[in-house]
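Listed after this line are the structures, all set down as C-alpha cells.
Paired with chain B in one complex and with chain C in the other, chain A is shared by the two complexes that follow.
For the complex of A and B:
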C-alpha cells in the first residue's frame, strides 16, 4: 500500500479522488459546519474544476522524465503484460461501455430546462425615461443624498421597502422573503459584496424603476419577476428605497471616478 | 395651304404645353445638378457568409499578420542587441532568420490590408466615407509610412552581412530600431481609427457632420493610448510565441543533434521573450478596461458584467493554459541543465499554486446552472464560491500566478550556477524575503478588498500590481549581482529536451492567437449595434451582436486560416535559405554587462550560454 502511495500513477489517482470528494461533498457540507452558508457546486463548475485538476496532475507526472516513465508503467503493464489478460479484456469492455453511457446520458431527452448563461450584471442603458422625464444614468447621483435629506429619506425608504420589497427580498435583505421560494431564480440578496455593493446608485435606481420588463434583450431569458416600480413609485420614492438598501445592508454604493 | 397652316398652328399650340411643362420640370430639377454624390450607406451583402463575417474574418486575419510583422521586429532587435553586447553570434543569426520570414509575412499583411480596405469601401461605403472625412490626413500618413517601413526592412535584411562589424553593426541595429518606430507609428494611427469607433469624443453626436469633428480629439480619444500600449506589448508576446512555435516544429522535424540543439535553444529564447513580456500584459489590459468603464459605464458593464462577461471566463481559462504551458516548458527544461534537479521537488508546490489560482480565476461570478441548481444556490451566485467570482479574488490569483511563473524563470536562470560572491546566502535570503513580502501584500489586499467600497477595492489592484512589478525588478536586480562571476555546474545540454515539451510551445501560440481573436471580439462587440458608438448606428441585417458560440466559431476559423497561412510563410521562408545551425559542443560565455566574464561566467537576463555554431 505504502509503495503504491509513492507511485505517481496512484498518487495522481488519489489526488483526483480527493479533489472530487472535496468539490462534490466538501464545498456544500463543510462550510455550514462553521456557520457559513453553502450549496452544491453546479455541474458546469464541477466539470471545470475537475478538468483543471486533471490537467494539473498530467503536468505534474510528465514534467520530469523519471516520474513520467513511472507514471506510464501501470498503463503499459495493463496493455502488454500477458498475465494481465483478464484485466485488459475487462478494460476493453468496460471503457467503451462507460463512454457509451456518458454519451447516452448527455444526449438523452430530459424534462429539466437546460442550463443557462446568465450575465453577472445586465448592462444598463445610457438613459431611461421615468414618468415622462428623461434621466441620463452616467454620472447620476442620488439627489436625496446630495441634498442632505438622508435621514428622512431612509425612513421613507424603510416604509416603502417593507410595504413593497420585503416579501421577496426578505426582512434581512438576504433574498429570503416569504414569497421568495415561489420564484426561480430566487430574488437577489442585497447584502454581501456581490450585488449592490458593486453598483452605482443610478444603476440600482434603474433596476428598481424598470424591473424585469426593463432588462436588456441581450442575455435573455432573464426570468425575472421583478416589477417595474416606476409605475407605482415616484422617482423620489425609488431614490429613498435605494438609500435605505445601502443603509440597511451597511454598504456604500460604487461612486463615480473623478476625472 | 390654309388647311396646312391651320394644322401647323394647332400642332404648335399643343406642342407648346408639354414643352413648357418639360422645361419647368427641368428647372425644378436643376438644384440636383449642383448636388454632390452621396455614397450609399451599405453595398450589397457579401455572398454566402454575409458582409459582417467577410469583414470580420479579413480584418481579424489581417490583424494577426500585422501583430506578427510588428512583433517579430521587436523580437529581432532585442535578440540582435543581445548578440552584439553579449558577443554571441547565435542571437544575431536567430534575428536574421526571423527577419527573413518578415519579408514574406509583410506581403501577406499588405495583401490582407488591401482586401480589408476594398471590403470596407464596397460593403460599408457610408462608414468608410464618414471615417475618411475625419481621418483622411492620417490615412495618407499611414500609407506613406509603409514606404519608409518597407525601405527600412529591406535595408535591415539585405544589409545584414554588409554592416556586421563595429559602428556599422550599431547602425544596422539602429535600422532595426527604426523599423520598430515605423511599425509602432503605423499601429498607433490605425488604433486611432478603431478606438474612435469605440469611444468617440463626447461632443460628437449623431447629427455632427464629420467635417466638424476636431481631428486631434477624435484621434487621441479616451481608449487610444491604452489600446496602443496593450497592443504593443501583445505584439511582442505574439512575435516571441510564433518564433517559439516555429522552433518547436523544426525541433520535432530535426534529424541531427545539431538541429535539435539549435531549435531547442531557439524555442527557449522565443518562449522566454513571449512569457517575460506577457507578464506585463495583464496590467496594460487592466488599464484599458478601466478606461473603457470610465468612458462609458454601459460599455464597461456590457464588457465585464453583461453578456460579454462569459468571454472573460473563457479568457481566464486560456490564460490559465498559458501559465501552465509556460511553466511546464520551463520545468521540463530543468532536466537539461546540470543542477536543475535540485529545484524539481519545488515544482509540485508551484503547480499547486497555479492550479488553485487557475480555478479561482476561472470561477464565474454567475454560474452556468440548471433550474434545480439555481434553486439550490438561491440564484446563480454560489453562496460559498461566489466570493471567488469577484475581482479581489481574481486579481490575487493572477498576481500569484505571475509570481510563480517568475519564480520558475528564476530557478531556470540559477539552475547551473554556483554563486561565488561572499554574500550569496544573504542575497538569496533577501530575494526570498522580497518574494514572501510581495505574496503577503497581494493576499492582504485581496482579502481586505472584500471589506471596502468598490472604488477603493479597484485601487487595491494597483498596489498588488506595483508590488509584483517591484518584486520582479528587485529580485532580478539582486540576482544579477549575486550571480556575478558565478561558477558553472556545466553547460546546458541543448537538444536533450523531451519531444512533448515542444507541444507546450504549440499550445502557447495557438492560445495567444485565439485569445487575440476572442478578446478583440469583446473589445469590438461592446459597441453592440453601433459602427461608431452612439453616433453611427449599424442598420444592416447583421446589426445584432453575435452570440458567443457563433463568435467563437468565426474566431476559431480565423485562427485556423492564420495558422495555415503562417505555416505557408514558414515554408516559403525555409526555401529562401537554410539557417546556420549550432553544433553540440562547448559552451560560449555570455558576459553580464559591466562585469568581467570569467570562463564560466553567468549569463545575463536568463538567456543562457549557448553551444558553438557549426560554421
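For the complex of A and C:
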C-alpha cells in the first residue's frame, strides 16, 4: 500500500479520484453544511474540471524523466506481462463496451419538452384601455394612495385578494396556493425583493388588469394562467388589490421619481 | 455656561421621570399575565393578517374568502378538531394543533405555515385560536393516546385489512375500491351542515391528516371530529375490534394509493407498437404494461363563471402508437356515472353552498360526465402554443370531446371556452365507469381524419396536450370544470439504424485499437529481451515450469500477442 502511494501512477490516480469526488459530491453537499446554498455541477463543467486536473497530473509526471518512466510502468505492465493477461483481456472487453454504450446513449432518441425562454417582466405598453377608458401608464399613480383612503382600500384589497387571487398566489403571497401546482409556469410569488418591489404600481395594475392574455409578444411564448381581471374587477378594485399586495408583503412600489 | 440658565434640564428631567415611571409600571405588572397578554396580542396580530381571511376575525370560520371553499375553513369557536392524537370528542393537544398549522391540511385550501411564519408567531397564533373556545382554559390538559409501534406491512395484513374493511362496512361511504363512491356517500354532511365527500382513498396525498400508514391508523383510532368519520377507539375499548385489526385496516387503506406520490412529468411517452397492435378496448391487458403519467387538474378560475371546487383533481394518462394510429387511455376518479339520480340531492346541496359567483343561479340538472383532450391545431414551432384555456377567437385549439351520454368522441376546434366548433372526422372512444373510476380510451389515426382537422401526429417531436374533466353530478359543465395547462406527448420514433450500428462500429474500432496497442507493446518488449536487456518488471507469479528469460517474461510465448488465452 505504502509502495503504491509513493508511485507516481497511483498518486495521479488518487488525485484524479479525489478531485472527482470533490467536484461531484463536495461542491453540492459541503457548502450547505455551513449554511451556504449550492447546486450540483453540470456535466459539461464537470468534464472541463476533470480534463484540467488530468492535464495538471500529466504535466507533473512528465516534468521529471525518472518519474515519467515510473509512471508509464504499470500501464506497460498491463500491456505485456503474462500474469496480467486476465486484466488485459477484461480491459479489451470492458473499454470497447463502455465506448459503445456512450455512443448509444448519445444517439438514442430522447424525449424532452422544447426549451423556451420568456421574459417575466416584459416592457409595458404606454397605454391600456380598461372598461372602455384609456389609461396612460407612464407616471400613473395609485389613485387610492394619493386620495388618502389607504386603510379602507387595504381592507377591500384584503377581501378581494383572498377571494380571487389566493388559490394561485397563496395565503402567504408566496405563489404556493392550492391550485398553483396545476399551472405551468407556476404562479409568481408576490413577496421578496425580486417581485413587485421592482415594479411601479401602474405596472402591477396593468399585469392584473390584462393578465396572461394581455402579455406583449416579448412576454411570450407564454402559457400564463393569469386572468385578465378587468373582466371581473373594477379599476378601483384592482387598485385596492395593488395597494394591499404591497402592504401585506411589507414592500414599497418603485416610484416614478426614481427614473 | 451656568446650568440654571439652560431650560433643557427641566424638560429632560420630566422625560426621565416618565421613563422611570414607565419602567416601574412594567416592573410591577404581574409577569405571567403580562406574558399571556402580549402572547395573545401577538397572536391576534398574526391571525388577523394571515388567518382571518378564511377563518374569520371572530374565529367562526366565516372569513371573507370562506364561501369560495369546501370543505369550509375550520370554525374555532366549537373546539372541534379533525386531526388529533386524543380520543374522539376530546380537545386536541397543542402539538396536534401545531402540526396542522405547520403542515396544513392536504386536499383543502389550508396551507402549511412552518416555512412562512416564525416559531414565535405560530405559537402565538396557537394560543390565540384556542382563546376562541374558552373551555380550553378550564378543561384538563388532554392526554394523547398511546399508538404503539407500527407493525410491518405484509400481504397477509393487507388482505385481512381488506376483509375487515368489508366487514365493518367502510365501503358504505368509501366504496368497494376506496374511491369515495359508496352508497351512503351522496348523503354525507359535516357538523355544520355542509355537504362533505367521503375521502377518495386512492389519492393519499390529499389526506387531511397525512399520507402515511401511521397517520391513517391515528385517524381510525381518533376519528375526524366534525365529520361523519367515527373514532374506532371506543369499539377497541369495548372489545368489538382489536388494535391489530385497525392496523391491518390502516395497511389496507395505505395500499389503495400508489407507493410514491405521483410526480408531474412534462412529457408523456407514447411507446411504439407493431402496426395493428394497439389495444382496442379500455381494459385490454396490454395497458397494464404501459407507463401511466399523472397530471394535476385544478378549478377553472380564469374566466367567468369561475369554479373553485372541481370534482376531478388529477388524471392518469397512458399513450401508445403503432405508426398509423395513436391511442390514449385516461383514468380518473369520479364518484358516479353521471347523471345518477342518487347524487341529485348532493348536487342541489353542493350548488347551494358553492354557487359560481358570475353565473347567477345554476340549477341542479341531470348532466353527463365529460372529458376533453386538447392539442394545438398543428404542431407549433418551439414554444408557440395557442391559449391553453381552449384557445381564443382566431387562434383556436383542436379538441377530442367525450361525454358519458354519447358513444364515441367528437373532434372540434375551440375558439374560447364558450365557442366550440365541431368538426367532422372520427375519434374512436371506449369508456367504462367502474368502482368510482372512469377509464376512457381515445383513438385516432396519425393522419387528420376530416375537413378542418389539420393535426398530423409526427413521431419524434413533443406535441402539446392538455386535459379538461367535468363531473355532471357535481354540477359541472362548460366553464365550471377542472382544467390543466399545456403538457406534451412524444410519440417514440423507430430509431434510425445508426443508433445500433454506430455503437457496434465504436466497439470494433476500440477493440481493434486495443489489440494493436497490446501486440505492438509486446513486440517491442520482446526485442530488448531477445537482446538480453531485461526491463525491471515485477517478478512473475506464474508457477508453470516453462523456460523463462532473466526478466521473467515467458520465453515460450508465440508470435501472437498474449491476450489472456491459456
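The rule is simple: the second predicted complex is superposed on the first by the 145 of 259 C-alpha atoms of A that agree within 3 Å, B and C clash if a C-alpha of one lies under 4 Å from a C-alpha of the other, contacts with A are read in each partner's own complex, and residues count from 1 in each chain.
In this text, a contact is a pair of C-beta atoms (placed from the backbone, for glycine too) under 8 Å apart; a residue touches a chain by one contact, two chains touch by 3 or more.
What you see is a predicted model; the values in this text were computed from it and never measured.
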| item | value |
| --- | --- |
| Chain B versus chain C as contact partner of A:242, first or second or both or neither | neither |
| Which of chain B and chain C A:45 touches, first, second, both or neither | first |
| First (chain B), second (chain C), both or neither touched by A:218 | first |
| Which superposed partner A:184 touches (first chain B, second chain C, both, neither) | both |
| First, second, both or neither for A:200, with chain B first and chain C second | first |
| Touched partner set for A:142, first chain B, second chain C, both or neither | neither |
| Touched partner set for A:37, first chain B, second chain C, both or neither | first |
| Which of chain B and chain C A:112 touches, first, second, both or neither | both |
| Common interface positions of chain A, toward chain B and toward chain C | 112-116, 118, 176, 184 |
| Touching residues on chain A, where the partner in the complex is chain C | 76-77, 79-83, 85-86, 88-93, 95-97, 99-101, 103-104, 107-109, 111-116, 118, 158-159, 161-164, 166-168, 170-172, 174, 176-179, 181-184, 212-213, 220-221, 223, 225, 227, 231-232, 248 |
| Contact footprint of chain A on chain B as seen in their complex | 294, 296-299, 301-302, 304-307, 309-310, 317, 320, 324, 327-328, 331-332, 335, 344, 347-348, 351-352, 354-355, 358-359, 362-387, 389-390, 450, 453-455, 498, 500, 528, 534, 545, 548 |
| Residues of chain C defined as touching chain A within the complex | 49-50, 53-54, 63-65, 68, 108-109, 111, 113, 116, 264, 266-267, 269, 296-299, 301-304, 308, 358, 382-385, 387-389, 392, 460, 462, 483-488, 490, 492-493, 495, 498-500, 502-504, 506-511, 514-515, 517-518, 521-522, 525, 537-538, 540-542, 553-554, 557, 562-565 |
| Residues on chain A engaged by chain B in the complex (per definition of touch) | 27-28, 31, 36-45, 48-49, 52-53, 55-56, 59-60, 62-65, 68, 112-126, 137-138, 175-176, 184-186, 188-189, 192-195, 197-198, 200, 203, 216, 218-219, 251-255, 257, 259 |
